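Structures given as structure tokens follow.
Note that chain A is present in both complexes that follow, paired respectively with chain B and with chain C.
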Partner chain A sequence: MAHIRMDHVRQVFRRSSGDLVQAVSDVNLNIANSEFVCLIGPSGCGKTTLLQIVAGLLPLSEGEITVNGKEIKGPSPQRGLVFQRDSVFPWMRVIDNVAYGLTCRGVQKAERLETARKCLQQVGLSHVEHSWPRELSGGMLKRVAIATVFANSPRVLLMDEPFGALDYVTKLHLHQVVLNLWGQYQPTVLFVTHDVDEAMLLADRIIVMKEGRIVDDRRIQLERPRTVESLALPEAVAHKEVLLRHLGLDALVDAARTLQ
Partner chain B sequence: MSASVEVLEGRKPSFRSAIRLPKLPVDPLGVLGLLIVIGAWWAITTLGLASPMFLPPPAGIIESIRDNFFASPYLDNYHLGGGLYSNIAYTFSNVMISLLVSCIVGVGLGLLSARLSLFRAMIDPVMLTAGTIPILVTAPFFLIWFGTSRVAQTALLIIYGVTILYVFAQRAGDNLDPTYPSAARMLGAPSGRILFDVFLLGTLPEVLGGVRIAMAGSWGLETFSELLGAPHGVGRVIQAMATGMDTQMMIATILALAAVAVACDLIVLVAFGYLTRWRRVARL
Partner chain C sequence: MSRTAIHRLTSIGALVFLAILWQVASIVYPYESVPGEPMVPGWQTVFTKTYLSLADYWAGGLGVKAVSEGGQRTYAAATLGILSNSWDTSLRLFAGLVLGMAVGLILGLAVSWSRWTRRLVALPAQILRTFPLMALIPMFQLWFGLTFIGMMLFVALGVGVIFFTGVVNAVGNVPDVYVDYARTQGATRFQIYRTVILPAIFPELRSSILLGLGAAWAAVVASEFLGAQTGMGQIIVYSQVFGYVDRMFLVALILLVYSAITFAVFEWASRRLTEWMPQGARGGAVPAAAH
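Our next item is the complex of A and B:
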């Protein structure tokens, strides 16, 4: 569990032309222990940049980000990141991938294999522990990536559009996997997505970013466990309308209203 | 459960599938071509179409290898004691030592340059210049600097191998998906581990291609370097035989070296196949 605090976070990049680009502008945010927060916004709004700063992969230009009161100074196994792209090492067997973080921390072989097997079981992949990643499907690889992160017992789980490239059914299965693990380990989750339905199914809270700034912060109080049917509830529809308008889809919302 | 999952369930890798020995690249048409060349060679020499001084018969070549392999009073006359075996061993050891040093230095520098742009800016001009100079023209310099000792030949081969492996390793490092090192950092891997576990293992398939190319070129370069001056080695044997106009022994020496080079290449191919066995599994 961890409490994340962001104070006046600002991130500036220099383009090859020499121009400065402000990717994140004066972001202030508090995320409570074990809260599941989804960060949505149009492409290029700074959500992935913000996630990478929290991960410690990008140095901060200005401001401060703390996790449990400690300033972030680089990557840490306490903050697990599930990447958008495949991050499972194809040259290591599945079990070695899942145990990799523990290997880096010098955990004894028997202990790390036990932990890795437990994590693989939790994501439903016990039967492929000796397989090579190339033998797995895209959905299975995402499960391995999730198991790898959870094997490190992170206090913060960061997810960068992890299921963007997956089909609808696989995505729904993986939502369940993530929610089960979140329920069991209670990490604080910051989940970047551009999929409004995904955010509504998963999050306690949805933060909307636009042009580097937070423009909306909504609590989603739909009852859990949520299903696809939950998205048809009036409260969900109201949230969705606002979120879609934030994403610049006013015409779509207006058309849907006309049909009603 | 999807079909792909069912297929994978209960799979226990057998010893053979775990090792995944690649099939030896024996092309029947290639073997046929080789047999045609040997047949033509045999026919020319048997029919007396060429003087044995210019083209000795295949049987004579085999005889020369057999009679001079482990001990050869004939080669002793040229101060090349220990038979063909000893001279091939000298050439072989030089090639292997140079290849090992080239791998460590060339791959290390190549991967570092792929990661550190400042280091790359400093070392790229040096390596690229070294790569563009025809390596054979530098051989006399090594002879002047190190004499006819083993150091002269290995230094030449190391320069050659390092420049090749530097380029291969750098390109492989550039091509590696940046997600992998980031993922390793997020899992708590220190820099040294990332270099080995991610950069080295992840670039191995591309780097190993460079190792084979460097090794293939090294046999010829080593022999040439020995021709210029060496205490021992296949190049020295060929030089001595050329002085004595002994074509049969010259061809025997060249073919014996070629057999060693082909055997080394096959061993390396099998070893590399094992190290990169993860690439050959069926992709879903």
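Our next item is the complex of A and C:
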């Protein structure tokens, strides 16, 4: 559980050509305890940059971000990040991967194995604890990454397009895994995606970014648990239309309108 | 017959063919370096007269008298001569190898550790590594004489230079995502180097280790050329003076066996250390064995 507050956040990069690029410009945002927030926007809109700043991987150029009132000074296991790319260490067995954060902090072996086993069980991977990552599918590797983050009992869960490369069915299964863990541990979630349906299935709140700025902030009050059918409800369709227009897909929305 | 058996037989056949070729050469090329010493000694000479002559390099002890003290040229004395000289050479080799790898690894890691260690290490190390190793032999001889330390340092320099370059390149190829993943889980910089960088660079370092092993054998024999009192390289130089081509050849054969053993041990250890890698990506150092 954590309350995240962003004040006039600005992030500037220097291209190799020497030009300055504003990846994030003047973002103000308040995220409540245990809120599930999806960040959506076209590629290059600054959503991943913002996530990396909250993770502590990128130093902030300007402004202030606090978590529970404390300024972010570098990465912390309190703010777990599930990466878009495969980040599971291929040279460690699954159980050692899940226990990695605990090992780094010097937690006793018996205790860290117990925690790791519990987390593996929660993502449905108890049967592969002694496997090498190379023996697992892409979806299973994501489950390992999620279990690893939860083994650190994070207050904030950051996810950077985690399921972008997975097939539809695997993605739906993993949504359930994330929602279950969220219900149980109640972390504040910041989930970056470019998939409108994914955002609608998961989020309490969808924030749209464009060219480094927040251009929309929508509360999604669809009843939980949500299913694929929930996406056909009038409220969902209305949200979706607006979101697709934000992503520059006006033509698609208009075409769908004419068909109705 | 299985495919592996056929492949193995083919490899052995090629070796036998080379051995026969040598024998044929010894017959059709009957010249001598000095009277009584053939330029191309046949196998019948190498494993009898030549082998026995290595008894000259046994300093005495273990109940077997040295030839210089009136002892006989026996197979026991010859074997002891080979073993004792091999031992001396191996000590120099492995001491140099371990020192060179350790220093090369530490300096290589220092390049990526922090901005300050990079400034301190990168440029000087890049300049030092371009020194031609063999040209440094006389300098090492003047500095250290014919001591164990001198020979060990010479080997360490040859190995360290190769290892340093390999480590710098391998660290540069470690995907950022692993380091970021470790950082977000609270790993310290030291922990990241131990648990992420080291295992991640090992597969790529295998080729540097193999090159280093080759360089170490070459360097240790070269360092012994300069007047060491013992060692396999010293036997070669001594033999050259007297035109004993057969002894040089036999010593070279023995060195060949040693380097084959070190390579095989390394291959075995490296397969165990890379158990986590996908099949096919493992054991890349000797691809021929995989097919």
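The definition used in the following text is that the second predicted complex is superposed on the first by the 260 of 260 C-alpha atoms of A that agree within 3 Å, B and C clash if a C-alpha of one lies under 4 Å from a C-alpha of the other, contacts with A are read in each partner's own complex, and residues count from 1 in each chain.
Definition applied: a residue touches a chain if its C-beta (ideal position, glycine included) is under 8 Å from a C-beta of that chain, and two chains touch if they have at least 3 such contacts.
Note that this is a predicted model, so its numbers are computed, not measured.
Partners chain B and chain C, once the complexes are superposed on chain A, run into each other and clash. In the overlay built on the shared chain, the residue A:F36 is in contact with neither chain B nor chain C. Look at A:H127: by the touch rule set out above, it reaches chain B but stays clear of chain C. Of the two partner chains, neither chain B nor chain C is touched by A:F191. By the document's definition of touching, neither partner reaches A:F150: not chain B, not chain C. When both complexes are overlaid on chain A, the residue A:W182 reaches neither chain B nor chain C.
In the three-chain superposition model, chain A touches both chain B and chain C at residues 55-57, 74-77, 79-81, 83, 85-87, 89-92, 100-101, 104-105, 132-134, 148, 152.
Against chain B, in their complex, chain A makes its touches with residues 55-57, 74-77, 79-81, 83, 85-87, 89-92, 100-101, 104-105, 127-128, 130-137, 140, 148-149, 152. Only residues 55-57, 74-77, 79-81, 83, 85-87, 89-93, 100-101, 103-105, 132-134, 148, 152 of chain A touch chain C when the two sit together in their complex. Only residues 2, 4-5, 8-13, 177, 179-180, 182-190, 193, 197-198, 201-202, 204, 276, 278-279, 281-284 of chain B touch chain A when the two sit together in their complex.
Contact residues on chain C toward chain A in their complex (touch as defined above): 175, 177-178, 180-188, 191, 195-196, 199-200, 275-278.
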